[in-house]
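Both complexes shown next keep chain A, but they swap its partner, so chain B is in the first and chain C is in the second.
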Partner chain A sequence: MRLTRRRFLKLTGVGAVAAALPLDVVPVLAQSGPVRLGILAARAGVLAPVGESGLRGVQFATDRINAAGGILGRRLELIVEEESSPKDTVERFRKLALSDKVDAVSGAISTGVGLALGPAAEEMKTIWLAWDATTQKGVEESMPKPKYSFRSTDNECEAVMASILTARHWKGKFKTVAGINPDYSYGRDNWAAFLAIMKKYGIEAQVVSELWPKLGATDFTSHVATLIQAKPDLIFSCFWAGDTPIFMKQAHAAGLTKSTKVVLTTGGGVHESLKKDFTPEGAILGYNCFYFENPKASALAKEFTRWHAEKFKEWPNYESDHGYFTVVAFKAAIERAAKAAGGKWPTQDAIIQALEGVEAESLSGPRRYREDHIMEAAFFQGVTTHRNRHDFVTIDPVESMSTKQIQKPSGVGLYDWINGWKV
Partner chain B sequence: MIVRALGLIAGAALVLLPLAGVPYTTTLLLPAFGYAVALLGLNLLFGSTGLLSFGHALFIALGGYTAAALTGRFGVRSLELVLLAAALVAALVAVPIGLLCVRYVKIYFGMLTLAFGMLFYSFLYKFYALTGGDEGMRVLRPMLLGRPLEHLDTVAYLTGPFYYYALGVLVVAALVMRRLVGSPFGLSLRSIRENAAKAESLGIGVRRCRLAAFVVAAVFGAIGGVLLVVPTGLADPLLAYWTHSGNLVFMLLLGGFDHFLGPVLGALVFILLQDSVMSLTSYWRFVFGAILAVIVIFFPRGLMGLLDARRAAAS
Partner chain C sequence: MSAVRWALALGWPTPLFLPVLLAAGLALAAVGPVIERLLRPIYDRDESFQLLLTFALVLMFEDVIRFVWGTAPHQLGNVYLAYGQVRVGALTVPTYNLIVIACSAGIAAGMGWFLARTRFGRIVRATAENREMAAAMGVDMTRVYARVFTLGVALGTVGGALVIPATAAVNEMGIELIVEAFAVVVIGGLGSMRGAFAGALVVGVVKAVAIATWPEVEMLAIYVIVIAVLVLRPAGLFARATA
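== the complex of A and B ==
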């Protein structure tokens, strides 16, 4: 086809109009029409399953809210964008804020993205309810007193709980430890917290190996060989992605799990892949804030687990709970603020104020935002067992700890807080 | 003729855009300006010299981290100083890397640049104390021409003064590059691309010219990198990752590497396309892969090749 000048101008003209139109010419329906919630969910790479899980929790919450009449009569509408690199995600955040004119944004898992989004949310004056991505650096340095950012539980909660359980179950039963953790802030923060807590409990275990494979690594042959050489009594790992079952499989094949104690702080995130064939009984396994077979689960949690299993043929994990909570907390805050304003639709400032300290029923039980914008939740961990109806390990008994116990309080450094424990 | 007229219209549209009251579209173009500067440099290497770098993101990251270090750690908030420092750092880094890389051509040059890019990525990722590891380093809002502009909120800052500043840097970069491409040095590069042995027999220092092109490309890359990280507020290791280098090559092919303004068009279209396709489907990478395949197979001269049919007929 020959592209004549006239035809080209026509095409580019139409293209330019079409490209310009949908971007910013969105009517502002401040207090009518649907409530717009922007979502940032990872859709590709190692974070994709976690992003999908968070999105499922958000969808479940949204469907329930809309079925019950929405938020003060307004439907809740989701606008989903992808979380990817910090640069691209900040641009998506900007799109949600400036072009889609959302009332708030929920999402983000990666710590790097979280550190970029925190300041971006403040600058764009847009409420951001994070699913995860809360590092010490984020809390202490980048955003000491945020107004618009509401962050998740601290990265180290899982390590803190697993370390307490390690001390409780195995104090005096191991002399050497090895750490194999993903090579990024989450891995490093968790390992450092574990070592600090061991020291606090008076466990003078010698560190015989510290390994830092890349996040999402798919081969651990050399790491397993190093661990066999190092002969640790206990292996500590905060793997949470597809690397967890691969490492366990290779460690099991090399006979490493037979006599060595294993602590997997976050492996519950990929619990279905931890098959009985290669995951031993008697290991400490953490599920973050949601355990799908919690015997004390609420009716809501049971309904969600059933819905999830039927719809996706999988048992749900914790990220759904983070996602779910951000939505119901947002709704609860709007209702709380509206009540204070005599039933009128609240201002953004009033919603922010109402989010501080707001409590809402989540999948894992009641959860809340602290006044310093950090989530509070219950965490679930336990000792692995093969006695269940699945082909993968579960935990029994299920131990639960509140973030009141395993998360540093507002305004205190993590290690100062740990050092101040009375054990 | 058409290209010139369209160029003028597009230029006027870019100047007037911030006044149109479409803040998101305006902020969206900021990364396009950054990429366009970097691509002008990359095209000197590829389009003019015939060397395809798969590690050019290294210099974008270098610019980004220089901006982060200066604004965040050393309190240097003047963007002019940051740009100058980024250019210097890039040149300093590019000389030794270039000395090694320009000894090779074609795929060997590509692989070597890829290796250096990934080496730098690993450095950024592993040296936590220095670079912040995966979390990267914050980039604080810089002053423009000595003016702190603190009374402006971020959107106003980005869609107003910073927009024009970045556009200005792009225009200056394009003018400098135009001068370079048209100079005897530019002609030498093209002769090297066409036939290095012949060029050498004419007395052109082939390696020296290739090295000079590499260093200039690096400087443009770092300047683009600075423009890129200011709107994000963070320099992170993914800036240096090989997929980012791949995106640069994609933009270059999209715009057309044998036209001077091809890289600028490539950057603009890539950003606008990514924005709309990303919102439509989570499989946008697949769509982009298909587009790349179509371009390489059917439109090897990119969008500029389509626009500039006259030149196509002449060539």
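== the complex of A and C ==
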């Protein structure tokens, strides 16, 4: 069809009217046809491995749900969009809400994106179940009491747990510490939490070096040289991506890790890249909320690990579990709300209410959403070992802590909470 | 420009030792003439067009790499330590680092010899100096461009191959290196071999010193120098006097 001037004006007129419509109309959930779940997954850039991992968990959950008859008899359908910059991701969120008319959106890893999506979810009145994207400061400031956003576990949980383990295993065995952490809120907050917890445990460690390579850096030879000169007894790092193996490799090659204790709060996210050749035994390594070789793994976790290894030729990591939980929690909330409504398909408000406090079986055991919309889960960390069937390090023994212990409770600042501990 | 192609070296069946890696790097230079053909139409356009097009190519290469090799970082296991370590007093230096330094010195010397002493090197210098004049003297511009470009790509891919054992091939690594390469070129002066050499040394040493003394200013220090050079010697440290 040729676009005449009249038709163009008509189209733009319709667009203008649509844009001017008030957004406080409560979306009515379609009650037949498939349940539509929008997904925001990073599949490009530095976040891509993590985004892919989350997407796999979501896919696994969806396949299982549909194989078992869907949600109250309705199929679950995924509409996958890309997580990229905050601005573009918010636009895709709008598209999912307005054009695809999804029942909820699951996804997002980057804190920057998360901070932008929080207000967008409230504005669009669309349920958003985050996979990650929850660094302290931003969360406290921009999403104090959300209605539609359901957030992940705090990003600092892993630093809190690793710090507690450091104090437990090594108190009195180190005098000097150095930090090498990515130069953004996550790295800064984790390092500050570590130092605060050391103080709380009465460990007066002297900080001999604080290094802040930028996120995504791929060469740490100068940093390693600086650390060798500073001679710390312990190095703390919350690297979580390709930076982890590169740093460990270069540190090992220069002889840095031979006698220095190492704490890697989050390196378990790229566990397969931490080869035995350069990752020492005896380091504290965190796997966030899912450890693929947990001896106490449930049948579900074992099934997922097998599925993942066969399909992708990789052992799964934590982000899959975050993704998985958002889907099964959404299903559990719908069923919970429907039960309360006498079997009728619930309203959006009823689903939100049911999500608060909902519990569901995730890949790492039971998980729930707190009443303040924050996830509660178990975290897994331990001391690295070379005694396994892989060419990369694993942990033994596997230590687990609940977010009840390592995540700040509702309404309290992170550092106020730590300072209030009774140790 | 060629930085991103470095990651391509990963596609080869795990090159377990240096020669294979270098051969892989060199073989990748084969993409050079193809890209050169693509760039030909914009040789006469403003330099910013060339910059934009080459940068667009970098981004497209990143996507191609992602489709083929996925998103996770790739690494070459223990190749890095295959040659052992050298101990000098309290210092431990991986032998591989020394090999890379030797290779770089060798390549720099080779390039110097090539540009100064060979017939083709003289043609390249003449072309860089004055393209129209060189063409008027009967130099086949198309061939010179294709060859020089391929040579540049080969330097990039071999450099990438050398760096991978010490780090890992990450899809975004190209961008980081490109930004630093810009600083090197600005400091050294466009079109000057000695300038590029000096610029690279300045950037590398300043970075290392900044990290050791005041890590927060690592990037800042480099760009302060870039700005200083742009203000005081806009053509770069080793720019030839222009008429």
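Following the convention adopted for this analysis, the second predicted complex is superposed on the first by the 393 of 423 C-alpha atoms of A that agree within 3 Å, B and C clash if a C-alpha of one lies under 4 Å from a C-alpha of the other, contacts with A are read in each partner's own complex, and residues count from 1 in each chain.
Keep in mind that, in the parts below, a residue touches a chain if its C-beta (ideal position, glycine included) is under 8 Å from a C-beta of that chain, and two chains touch if they have at least 3 such contacts.
Everything numeric in this text was worked out from a predicted model, so none of it was measured.
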- prompt: For A:R43, is the partner it touches chain B (first), chain C (second), both, or none of the two (neither)?
  reply: both
Which of chain B and chain C A:V208 touches, first, second, both or neither: neither
Task: Using the touch definition from the top, say if A:P245 reaches chain B (first), chain C (second), both or neither.
output: second
- prompt: Just chain B (first), just chain C (second), both, or neither: which does A:E82 touch?
  reply: first
Message: Contact-wise, after the overlay, does A:Q229 reach chain B, chain C, both or neither (first, second, both, neither)?
response: second
- request: Look at A:D391 in the shared chain and tell me whether it touches chain B only, chain C only, both, or neither; answer first, second, both or neither.
  value: second
Task: Return first, second, both or neither, reflecting whether A:V177 touches chain B, chain C, both chains, or no partner chain.
output: neither
Shared contact residues on chain A - chain B and chain C: 43-44
- prompt: chain A touches which residues of chain B in the complex?
  reply: 2, 6, 21-25, 27-28, 31, 125-126, 128, 132-136, 138, 153-155, 228-229, 231-234, 236-239, 272, 275-276, 278-279, 282, 284-285, 306-307, 309
- prompt: For chain A, which residues are in contact with chain C within the complex?
  reply: 43-46, 48-49, 51-52, 210-214, 216-219, 221-223, 225-226, 228-229, 241-242, 245-246, 249-250, 252-255, 270, 273, 275, 277-278, 314, 391
Field: Of all residues in chain A, those that touch chain B in their complex
entry: 3, 5, 8, 12, 19-20, 22-25, 43-44, 81-82, 85-87, 90-92, 94-95, 98-99, 111-112, 115-116, 119-120, 123-125, 135, 137-138, 142, 183-185, 188
Field: Of all residues in chain C, those that touch chain A in their complex
entry: 62-63, 66, 70-73, 75, 77-78, 80-81, 85, 91-94, 96-97, 163, 166-168, 170-173, 176, 207-208, 211-212, 215-216, 218-219
